[in-house]
Structure formats: C-alpha cells, structure tokens
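Heads up, the next two complexes both have chain A, just with different partners, chain B and then chain C.
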Partner chain A sequence: MTPPLRRERGLVRPYVVTDGRAHPTRNTLDLVTLVNGTGSRPLTGLSPEKRRVVELCRPGALSLAEVAGHLNLAISVTKVLVSDLIDSGHLTARAPIPRTELPDARILQEVLDGLRSRL
Partner chain B sequence: MTRHIPEAVFWCVAAVALAGLVLSLRQYRAAAALRRRLAAAEKTLRGRDAEVRHLVEVRLTALEENHWAGGQPLPGLLDGGLFGTDFARSLQQVVDRFTGAAETARTRADHSAKATLKAAMRALQALANEQQLSISDMQDRHDSPHVLQDLLEIDHANSQFGRRAQAIAVLCGSWPGRQRAASPLIDVVRGATSRIRDYRRVEIHSAADIDVTSRAVEPVVLAVAELLDNAARHSQPNTSVEVNIRSAHNGVSVVIDDAGVGMDSGEIEEAGRRLSGTEDIDINRLGDPPQFGFAVIGVLAARYGFTVSVDSRSPYGGVRAVVFLPKSLLATAGSTVTAPVRGARTPAPGGGTRTATLPTRGTHVLPAAPDTPPAGLLADPAQTVPAGPAALTDTTSPADAPAQDAPDHEDEGSPAAATAGGLPRRRRRTPTEAATAQTAPDPADDEPATATRPAYETATRMGAFARGTRSGRAATADDEGIPQE
Partner chain C sequence: MGSAPVSDQVYLSDSVRAAVKILVVGHFAVGKTTFVGTLSEIRPLRTEEIMTQAGAHVDDLAGSPEKTTTTVAMDFGRITLNDHLVLYLFGAPGQKRFTRLWKDMMYGALGALVLADTRRLDASFDIMGLLEEHGMPYAVAVNQFEGAPLFPEEEIREALDLLPETPLVTCDAREAGSSTKALISLVEYLQTRTPAQEQR
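Moving on to the complex of A and B:
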C-alpha cells in the first residue's frame, strides 16, 4: 500500500475543527500573514488541528496559506484556528514583509544628482 | 298319522318364531351398535368440524399475529383426543405449510424491501457525498466568514443526511461506502462526531496514538456515530457526552458515556441482541419510527469483527457504550509511512501544486496524541516523525530549539533535498531569518528589506544603476521615464 499523502479530508468536518464557529476573532489575517510559534505555551488542551498548527509554526514563520495547505483545511477555517491561537498566546502574527518598492524616481534623481556633483 | 300333523306344524311355527326372534334380536343389536357408531361418528365429525373451525379461526389467526408480533406460544389442538390421528397430522401439515408460505412471503417481501431501500439509499448517499465535495470546494473558494458560517451549517446537515442514508443502506446489506486511508483513531472518533446533530456536546479524551486500518475506518466511524447520536439524543442538551479512548492488550476501547435517561434491563437485553449482529434483521420490525441505530451497529460489528456493548454503568447515570476494536483493525500510528519522511514539512518547489506541499501521513501522527508531554513536542518534527513515540525521548528544551535547528537544516540541505517520489524540495525559510524576526519585539514592525542590506551591496546596485542610466542616455536620446537634465 502506498502511504497516503493527504489527510482524509472528508472525515473530520470543518465545523468540528472550529467548534461551529466561522468568524475569526480578528479580521487582520489574510493569506500572506506570517505566523510564528511563541513556544511559551503548553499544548495541552488544544485540539489536534491547533496542536499541529503550533508545531508547524514553532521552528519558524509560515504564511497562513502554507499552514492551511499543510493542514489541508480551507483558508477561512484556518483563520479561525490561527486567530484563536494568537489570542491564547501560542502564535504571533506579522504582516508579510512587503515587496521591496522601487524608490521614487524623484529621490533617485536627487541621489544621482548628488553623486554626480560629488564625482 | 294325521294326528302328528298339527304337532309338526306347531314345531315348525315354533322354530320359525324362534328363528325370527333370534334374528330380530340380532337385528336389534346390530341396529343399536350402528346407532352408537353413527352417534360416535357424528360426534367425531362435529369434533373435527370444530377442530377445523378452531384451526381457521384461532390457530391460523394466532400464527398470523405471531408472525408480526412474535413471542406468544401458539395454541394447539382443541381436542386432545385427536392427537396422533391422521386427521391431526393433516392439520399440522396445513399449519406447517401456512407457516412456510408466510415465512417465504415475509422473506421475499423483506428482500425486496431491502433491495429497494438499498438502491434508494445508495442514490441518496452518492448525492450526499457529491454535495459534500461541492461544499468543501466552496469552503475553499470563499473567504468570507459569513459565507463560511452558512456553509458550515449546510455541511453539518449534509453530513447527518449522509449518515442516515448510509446507515439504512448498510442495514439493507450494502457496504459502508467510501474507502478511506488509514486514519488516527481520534480522527475517526471526531469524524463520527462530525455526523451527529449535537457535535459540540461531545468531549473526546484520548491518549492513544493508534491508527485504524483503511478498511475499518468507515464502519467504525458509522458505528461510533450511531452510538454518539443515541447518547446525545437521549440526554439533556446541557450535558456532555464523554468519549474516552483506552488502550488494551488486545486492542482499543472507545468508551462513550452519556448523562441521559439510561436504559432498563429489558432495553439493554434487546440492545445486546441487536448489537451482537447474530439475529437476522427484519427491517419491517424495527418499530415505528424505525430504530436503525443498534441494528446497523450490529451488522457492522459482525461484518468487520469489532464488538459493541451497551450497559447502564455510566458514571453519570446514563448509558455506557463500549466499542472494542481488536488489533486486526488497528495499526500503530505512523507504521503506514514507508517512505522516508525526513524534512517532510519542507514544501516542494513550485508550491503551487498543492499535493506536493501536503504533509505526508506521518506528519499528522503527533496531533493524535494530545497528552504527550509538551517537551516531547518541542523536538524538531523532522526528528519526531519517522520514529513515532520513540523519538519523543529525543527532546530539546524550548530555549535551544532554534539553536538546534541550524544543524538540522544543514543536514537537510543536500541528502534529503528530495521527496520520496524524487521531487526536489524547496527549503523552508531559514531559522536564522525566523530568529531575527522573533527578536523584533513588535510584530507589526515592517522594516523594508533594504534596511538590512549590506552597505557594499547597496553601493554596487547604485553604481550599476548609475552606469545603466548613463549608457542608456548615451545610446538613445529618448525619455522613457528618465528625466533629462
């Protein structure tokens, strides 16, 4: 038998995972929000999915989309879990590192002018 | 001579009279005997008429009633004197034929009812599964919590609907349906919880780290779901239904306790008979409304070889139901993983392909062990995964967990940089980055990446930019966004 690659999706339904809730306690999370495990809270009393989220995030930051992918859960369901874990202090969230913006052309021009004047 | 004539006549007459007398006496006796026999025959005839009437009016009626209700002793012959006669044997044959015909008709009706019901329920089951897929897709696609709320409700109703259809189909001789991968027992129990109305009242306590084999997943889910449904349905809405998973030498027990009304001894006996799965289930005799639960569990238990018992020893005064899964239906968690899973959490390159980034089976072993000491869980999952519980000894304290990560990732770099299927793996964000991120006290502190860029790199880029600008100006005299001096 080949090892099953995916968690059985239809077995535990999302309403059991979130205990029937659909609204995350915070609406600041999106797909690219990075979550980090704090490592300071014990895992006892957490549901299996929450425990897994904390374990996933403990070594480093993961985006919410990645967490959802690892757990094979819908994004919106993952948000509920993650926001609970942030509330309970198991995780911290950060906005994603923004893509480096190209500097304003005016500033570049000023820099260029400055360099020119020096050279 | 003539004198003798009257004498002779006299004697003749006397002889004739005597003969007549004897004859008439015999005749009289014969007539009396015949009368007696006639009377006896008439009596017997009346008796047999009465017996036949009794057969039609009482015995066959009782047989008919008994056929539906069951249990009562059948009335015998009206006249015990007929016992052993041909007539009684004939009557018995009539009764036997009647019973046989009724039994055949019942079996045939039962079969055809089951076949019809099975076909109908299979169709419903297929629809429910299809709908569940659609709901799952919608859950993936829509991001709004309001939509999700509605979807969860629909999903819940659909799951219950699917379970009902599945239960009836199983009772009618169908297979439980979906083939599933081997799953942790706790997921199996939670899967069962997913299919009942009051899923929020179910509390699961589990220390067992055990998988249920692929073929047993769906039947066990269905059986546990029926028990949980019974437990939740027959207890107050403010009480909880407690599920404990206990390991034993020969298997695992799933113990379901409710705080409900309980069952009396008669009900328990009846339930035990149904749960044994040995008696033939007649879907016409399940009561009104029909009670499928125990009958379905009995069928599944007999077919898959687990045992289910019900008694009133619940610590909360309700019913305690125990599902015992023998070892043949279990697998040690993680034993199904045959491929090396080192660094299994590292997503594969091109993270867009979803299956490639999904965790392997082994990686969700740990969630099934909620009571594992927290320290054990702090070990790098890459170490913990392949060895299962044994790896828990290989723990690190939370403080040096990040420090330990670095050598691990070096290990992973070259040899384990491919999945079991030969696909290369994308390395995860390095822990040093994560560590620097963690040192930043304010999570919302989003410094641009350029701020940490080394000075020489900045200078190089700036120089390249300047050179590029200059050469661009030299080549063409256009003004594509570059202001001319």
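Moving on to the complex of A and C:
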C-alpha cells in the first residue's frame, strides 16, 4: 500500500501553501480574472508564496492563469492565494467576468474585429 | 519554467478592462501548443495541475502503469484585441477524467476550437463529445501536417460526423494567418447562434 502514502505526501506542499484549504474564499475567480497589486498594504506577515504573488502583480495587471504560470503554481492553489490577497487588500480584481451562459453579442463583435485586424 | 523573467510586455496594458477566453482542444500531439504559441503575444505559459489516480493508466503519456498521479499541462497565450479587451487561448487535452480542469477552462469560455489531424480523425471524437456534453460550441480546424493525406471537406465532415452548421476549416498551426482565420470562423459561428439554440 505504498502508492497511496506517496500520493498523500505529494499533496503536502499545496496544502501548506494554502494554509490547509482546498477552496478559495470567493468563488467568482476565473482563469481570466485580471488581478493587480494595490501597493497599499505591507508585505509583512505574508507567506513566501503570497509575497511572490503580490510582487509579481505590483507592476501591472495579469490574469489569474498568468500568475499561476509565472510562479509555477497550480491553478487551484493560485485561486486560494489570490482570493486571500483580494480579501486582505493586497490585490484588486480588475475585471470580474460576469457569469453568463450567452456571450454578449457586442463582445463577440469586438473579438471578431480584433482578430480580423491581425490579418 | 519557475521564476520567469518578468519584463514590461508581460503585463496587460493599463486600459484593458475585460478578458475573454477561447479553448483550443484536441488529442495528444495535434498541435495545440504550437497553435497557442503562434498566436500569443506573450511567451506561452504553462500551468500544471496534479490529477489523482482515476484513469491515469490509460493516458497516452503515462510512463508507467503503476503511476498513481498524472500531471495535466495547460498551455495558454494572450492576444490583446483592442485597448480594453484581451483574449486568452487555453490549450488543453480533452480527456474526460480531468473534470476540475475542464470546469475551470470552460467556465465563461466563448467557445472551443477543436484541432484535428487527418491521420487520426477518430481521436477527436472524445473531445467533441465532451464539448457537446457541456454545451460548449465549437468549430473544427484540421491542422494540416506535412505529408498528411488531404481529403475533400465532405469526407472529413462525414468522418467526424459534424453537424451541417459546424464550421470546418484547415490551418497550419505554425502559421499566424491561417490560425487566426480558424479562430475567426469559430467566432463568426458563435455570432450566428441564436439564444434559442443555446438553451440546453
């Protein structure tokens, strides 16, 4: 029965990083939620991972997926960290994505125009 | 990967206010990463999610049958469409067992572009089935590999069992023009869908 043990050990790190939580405090975060550092809160007391997130997001906005990619963190872990940092005022979510089943016709037109302009 | 050098171009322009995403899906080695890399304005990024046991042994890439976890990589890139809107392209494998990753990817996505290879058309069925199950509209782009057989569109449509309205285009994932056109055909298709058709 060693494989299950090994698997549990592999989960320790993300668990520690997120203070033992598997779910973020807010469920509105998406892969393309844009986050930006506020620069108004001290970094003292933040875990090393949270500090890295805040430092990465200080110069400008990035999507949550980009934060994960740059810092080599799993998406699930990044969501928890970003969510906490929004709660603590270190980050702001710049463009919350409305949860809609239907893409807005205006958005689709903008996507189309933007793509066509690249040809 | 790790601590990638972060330069100014890494960040979004200050005027960007909203982001949308399109999925680029397909079977192993169909060219998803190449496609995303060709169109992305940033160096494509990769995130990995560790998946637990279920189905790991049937993965094309699984090194050993005893493997208890498997890592799913998702490659993504970015296209700034105008001063306030940015498009993210997410390329990921379309296996059923990666439910959590799929949910993350599909949440709010406009639609999906299915990349297909004429040498392995049957390998695309699972992915199309998964998209249909989730009500995710898609277009199909045949990534034309050198030396791969060329088939008339009708034959490919038939082999993939496509609905008459599903767009089918050919692209070269290494080349920006045809890859952009493939995305355009998907978005044009999304525009034609009426609200009534999208209710499930």
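Convention: the second predicted complex is superposed on the first by the 83 of 119 C-alpha atoms of A that agree within 3 Å, B and C clash if a C-alpha of one lies under 4 Å from a C-alpha of the other, contacts with A are read in each partner's own complex, and residues count from 1 in each chain.
Here is the rule we go by: a residue touches a chain if its C-beta (ideal position, glycine included) is under 8 Å from a C-beta of that chain, and two chains touch if they have at least 3 such contacts.
Remember, predicted model here, so these are calculated numbers, not experimental data.
In the superposed pair of complexes, A:44 makes contact with chain B only, with no contact to chain C. Shared-chain residue A:22: touches chain B; no touch with chain C.
Judged by the touch definition given at the top, the superposed model places A:60 against both chain B and chain C. In the superposed model, A:105 lies in contact with both chain B and chain C. By the touch criterion stated above, A:91 is placed in contact with neither chain B nor chain C. Of the two partner chains placed by superposition, only chain C is touched by A:32; chain B is not.
By the touch criterion defined above, A:81 lies against neither chain B nor chain C after alignment on the C-alpha atoms of chain A. Of the two partner chains placed by the overlay, only chain C lies in contact with A:114; chain B stays clear of it.
Note: residues 3-4, 6-7, 10-11, 34, 56, 59-61, 66, 69-70, 72, 74-76, 94-95, 97, 100-101, 105, 108-109, 111-112, 115 of chain A belong to the chain B contact set and to the chain C contact set alike, using the contact criterion stated above. On the side of chain C, the complex with chain A involves touching residues 1-4, 6, 8, 10-12, 14, 16-21, 42, 45-50, 52-53, 66, 68-69, 74, 76, 78-82, 85-88, 90, 100-101, 104-105, 107-108, 110-111, 176-177, 180-181, 183-184, 187-188, 190-191, 195, 198.
By the touch criterion given at the top, residues 1-16, 18-20, 22-24, 34, 36, 39-40, 42-46, 48-49, 51-52, 55-56, 58-61, 66, 69-70, 72, 74-77, 79-80, 92-95, 97-98, 100-101, 105, 108-109, 111-112, 115 of chain A touch chain B in their complex.
Of all residues in chain A, those touching chain C in their complex are 3-4, 6-7, 10-11, 30-34, 56, 59-63, 65-66, 68-76, 78, 94-95, 97, 99-103, 105, 107-116, 118-119. Against chain A, in their complex, chain B makes its touches with residues 129, 132-133, 136, 139-140, 142-149, 151-153, 155-156, 159, 178, 180-184, 186-188, 190-191, 193-194, 199-200, 214, 217, 221, 336-339, 345, 347, 351, 354-355, 357-364, 366-368, 370-371, 374, 377-378, 380-381, 398, 401-402, 405, 428-431, 433-434, 437-438, 443-444, 446, 448-450, 462, 465-466, 469, 481, 483.
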